[in-house]
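Input: structures, listed below.
Across the two complexes that follow, chain A remains constant while its partner is chain B and subsequently chain C.
Moving on to the complex of A and B:
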């Protein structure tokens, strides 16, 4: 215990070093001595991260809030930009037909994708935990969708969902012929509003499940095997062991993973941008793609900033939930 | 397989082998599909009467050449690697790949540096405001790139105080990527540093090392696995980033792989499917290679950060 108090009381250097520093009166060393105080060193070490957070997150965020209160457009000089108050928000809320579709899509997309990834992730983690042969290879293969750049793998899905040459529809057609049901064209995966939203969700699930699985696998490996043995001896079946040992064991990591996933899924951009660009007829927009559409394609930066800021309260709720949860667990 | 009491082969097949097999097919099929499409001729890609799962022309050529023991490079090039040749020779793909690697490496190093210092401070040093910093870093999740890109492009285009314009340069992205990498590295490394016993550096400091020396020479080497997995995560996240690269860069030669592939190989209604697929595969290789070497570290890194 005395050990851990040492650094707090006065630097870490030995008396000899400190004496030498005083005797020579060499200033850089005095400065280094100052750095040995946790109070000072702490701030110095926080500096790079704090600079990045303030200059490139906090400041742009405040700037974005300001922009959303103006009628700024691309190419419009700031001298001609005028303050419009909450008009952008009011316009979106009351008069923009696409906006409410976007809200609905974002919630449906996030809810379905998160729920399915959660279930599949636990299932896959339990399977992976049993793997002994080809362990590395199988883990690497399963992890692939998560590590490959999203846009690049989504291009494959763009071709898989192609209206004329979809491999799903080709297989469907062969199946129909084989069953003697005649010719079927197959659905337009990205051409129908509902199917397009489901296709986009599917790709998100495909991409996100490995992350859930690997994180849950890490959680599974922290559960002591003795717990399972004890449960088995007490007569617990496979399902009960899963309910009473596995799930509580991975609960802490489950909360972290799901919160992280909700934030990322809710603010997703890439999959929708590549697969549908928000179409058909603006029916699959998420907040991010709609903000991009309005701001970068439609040049209305102020309105676009307002759209993306609508994500903020939802994300804030999720984050507050996690903070409260973590605090409660720590106690 | 871990021995499970009273589990017959049939049951094992049903609850273990089959599901795992389907999961692997599910995860790998799109990559197979990319590969097959990348080695088909455009004519074959658009021919609905042949089986799309097998690249007929290419397979025929290879089988023919193997059967006759006669390697015919140009024929192979025309039947199998046509799109790959076009991608590498007639597009700026190599440039995009260089840009991506450069941007990802530099922003990863910046983020690791800032992440290591702040994580060490948060995990080890008691100073006023440490808790606030911790929460602040966590709360940056509230502002994902998709919420920030409109004002950030303004800021990058006219940096405060210095009035520099970094739009359309790699530096614009190198400045932007740490916004999501630093919080992430800090969070991961704080957990990792906390798992390292305090006594290690205390002993070093009793022996006369300063705290910084103890941190660099003693703690950092011990924390190397954590740093490595944070670096891998950061590299992947930067290679994966799309929105900032799409908004901040407009010259073809300055684009990154994801943006270049999507914007230059899809021209209006014309999709260069073969090139798209070969580009997607080739662009994935750097990340995939790193992971195939370090997949164990990856899992260990997550475990460490969860325990901490």
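Moving on to the complex of A and C:
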């Protein structure tokens, strides 16, 4: 008799045990019988995932929250660590000369990068959806920026943005000479505070657009061609078909992708770390890079944890929005 | 295995225990003298290993030598010495992770006074440092100030990377500048001179190039002595924050003028290697740097437009003089042992061995005088005759100060370095992000937050 065929016994001995006339103090069959209940089985199957979430997300998060409320420094024994309440947050809010730059940079970086990736992603997805020849090859090529390890591609950008050896500036110089306008050094991609922030944002866009495009492409392919045909017959132009058919068709996947992207972009680290390390004059610090500088390099773990946790309310709001939206869609 | 079997292999178990016990006891109890008396190298546990973390040197031959030395000492002592080299900018985070996790390298190379941030977690190496000092004479003052805290050495001063001004003589001459050939001890070159002459160089397409970006070496090497030369210090002798001074405001105002008139604005985004590349490609005429520019030009036989070796066109001169005098900053490099290490004794002996004249002089010479020693006696080393073009680095080596000067180079002074506070004060005005007054106020509040003022 298989487990699934055992009738539910309501917590007593299973039929098999009763039929066999075996009397035992411990009845594993009874416990196994519990698994027949969908409610119980569901929780059991969820346990490994719950354990992983607890071990790798909930526990470190709670630890981070606790650390942000202490004066913990690297190497400081816990016996000397003391609870300081919200002091780290207050210091950041009122006395830290870099924190508000970091807040501003993070919002600008995330807003511009997300908006541009969204537009370029849809555009690229629509184009890819139309490509017939070498479809697989082109899609694989489009994904390359997203697949290459971020540090590697960012090191290439370090050269592209170099004021003296930049391919962009070199081209510009040649153009100036060709036009007879004399010598020009070209933009200081990483030396000017505004351009530096725009440069790191550009690299994020370059890297993230393929993800948007492929995700949107998957959404596009679920839209029935008949809808487009019907719209065309009704006299809808290209823009109207895009607005009335394409956008609503990919809306669910779009929300998920954008929310995911905001979370990842807001907490970005590698691009800034490789290109500017937060400089010049702290004009490119994001929460993650500033937290790293304060905690891992400057050894103030408590303060660093507080910087990181300032990201939490923003990201939590974004996630809540996503959950609410998805639930509404399910209904 | 029986003793008989051991004998067939040339050593009995009893002999091994005796030898190992004698040597280990000697090493632990008697130090180097004990080992010498025992006439045997100390034996460490079979298969013992030593993990040494240090930077990827700007002078690659030095890396070859340190790897060779690690292998040699490892063979002598039957210890597997693993030498790991990483970008200097990444050392602090690696050290933090190791110290907080209580596992990682047995020896860590720290720069400036970084290790003072972890002073309580490092092994007291006063015994080795004091032995070396008594054997070879005194340490260079600021190297000692960086390595010692509260009367205790938490690291052994190993090397110093000296930094002075590196100039392209032909560019200066073409612009009609008589610096550096006229530099003498009585006729010095001031920051005002640099601004005036640099303006000409910039007009000719070769400005002064200097980083004020977030990077470990050049940004500190330039910023600290620049501010000191105007009489601006982060703390006074009593340890009070003193950056909000008239002198500092003057330094910031002047820096803005210098930056706009004579400097390459790209420097705001540079790292430690950028000015080397810019100099060697002819993009800049002068920069504060270590000997790496000269060594790269010389070793790679880089030629200028006329086909002449660039190395012959390079001059090394001291930093310009400010209202308070001429100041330099040369960053020290010291070796520390974290307390979590399970091989403290081996680590100590390895450091002691590295500091022996035989090893240290070879390391410095193989590195082609890129680094100097943390010991004053090496100022007389024949190495400087081997690389005469680099003698100016030696001549100004003792003029350095410690970070945090006029205060101590404690953990908080290290934190100021690691958070680029003074560097950002210059960057704020250079990039136009803040006025000199705003940057002064910003810097003072940052220092107050760190020093708890």
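In this text, the second predicted complex is superposed on the first by the 290 of 331 C-alpha atoms of A that agree within 3 Å, B and C clash if a C-alpha of one lies under 4 Å from a C-alpha of the other, contacts with A are read in each partner's own complex, and residues count from 1 in each chain.
Heads up, the rule we're going with is that contacts are C-beta pairs under 8 Å (C-beta built on N, C-alpha and C of every residue); 3 or more make two chains touch, one makes a residue touch a chain.
Worth saying up front: this structure is predicted, and the values here are computed from it rather than measured.
Contacts of A:227 after superposition on the shared chain: neither chain B nor chain C is touched. In the superposed pair of complexes, A:108 makes contact with neither chain B nor chain C. In the superposition on chain A, the chain among chain B and chain C reaching more residues of chain A is B. Of the two partner chains, chain B is the only one touched by A:151; chain C is not. In the superposed pair of complexes, A:298 makes contact with chain C only, with no contact to chain B.
Within the superposed three-chain model, A:183 lies in touch with chain C and out of touch with chain B [touch as defined at top].
Contact with chain B, but none with chain C, is seen for A:269 once the two complexes are overlaid on the shared chain. In the overlay built on the shared chain, the residue A:255 is in contact with neither chain B nor chain C. By the touch criterion defined above, A:319 reaches chain B but does not reach chain C.
In the superposed pair of complexes, A:165 makes contact with chain B and with chain C alike.
Touched by chain B in one complex and by chain C in the other are residues 164-165, 292, 295-296, 301 of chain A.
Partner chain C is touched in their complex by these residues of chain A: 73-77, 91, 95-98, 161-165, 183, 185, 188-193, 196, 276-283, 292-301. Chain contact summary for the complex, chain A toward chain B: residues 3-4, 6-8, 11-14, 16-17, 32, 35-36, 38-43, 45-50, 52-53, 55-57, 59-61, 63-64, 67, 123-124, 127-133, 136, 138-145, 147-153, 155-160, 164-165, 167, 170, 206, 209-210, 214-215, 217-219, 221-222, 232, 252-253, 256, 260, 263-264, 267-270, 273-274, 287-288, 291-292, 295-296, 301, 304-305, 308-309, 311-312, 315-316, 319, 323.
Interface residues of chain C facing chain A in the complex, by the touch rule stated above, are 89, 92-93, 96-97, 99-100, 117-118, 120-121, 205, 212-215, 264-271, 274, 277-278, 281, 283, 411, 415, 418-420, 424, 427-428, 430-431, 433-434, 442, 445-446, 448-449. The touching residues of chain B, counted against chain A in their complex, run 1-2, 4-5, 16, 19-20, 23-24, 26-28, 30-31, 33-34, 37, 45-46, 48, 52-53, 113-115, 117-118, 120-122, 124-128, 130, 133, 135-152, 154-155, 160, 175-176, 178-179, 182-183, 186, 198-199, 202, 205-212, 214, 236, 239-240, 242-243, 247, 257-259, 261-262, 271, 273, 276-277, 279-281, 283-284, 287-288, 291-292, 295-296, 298-299, 302-303, 306-307.
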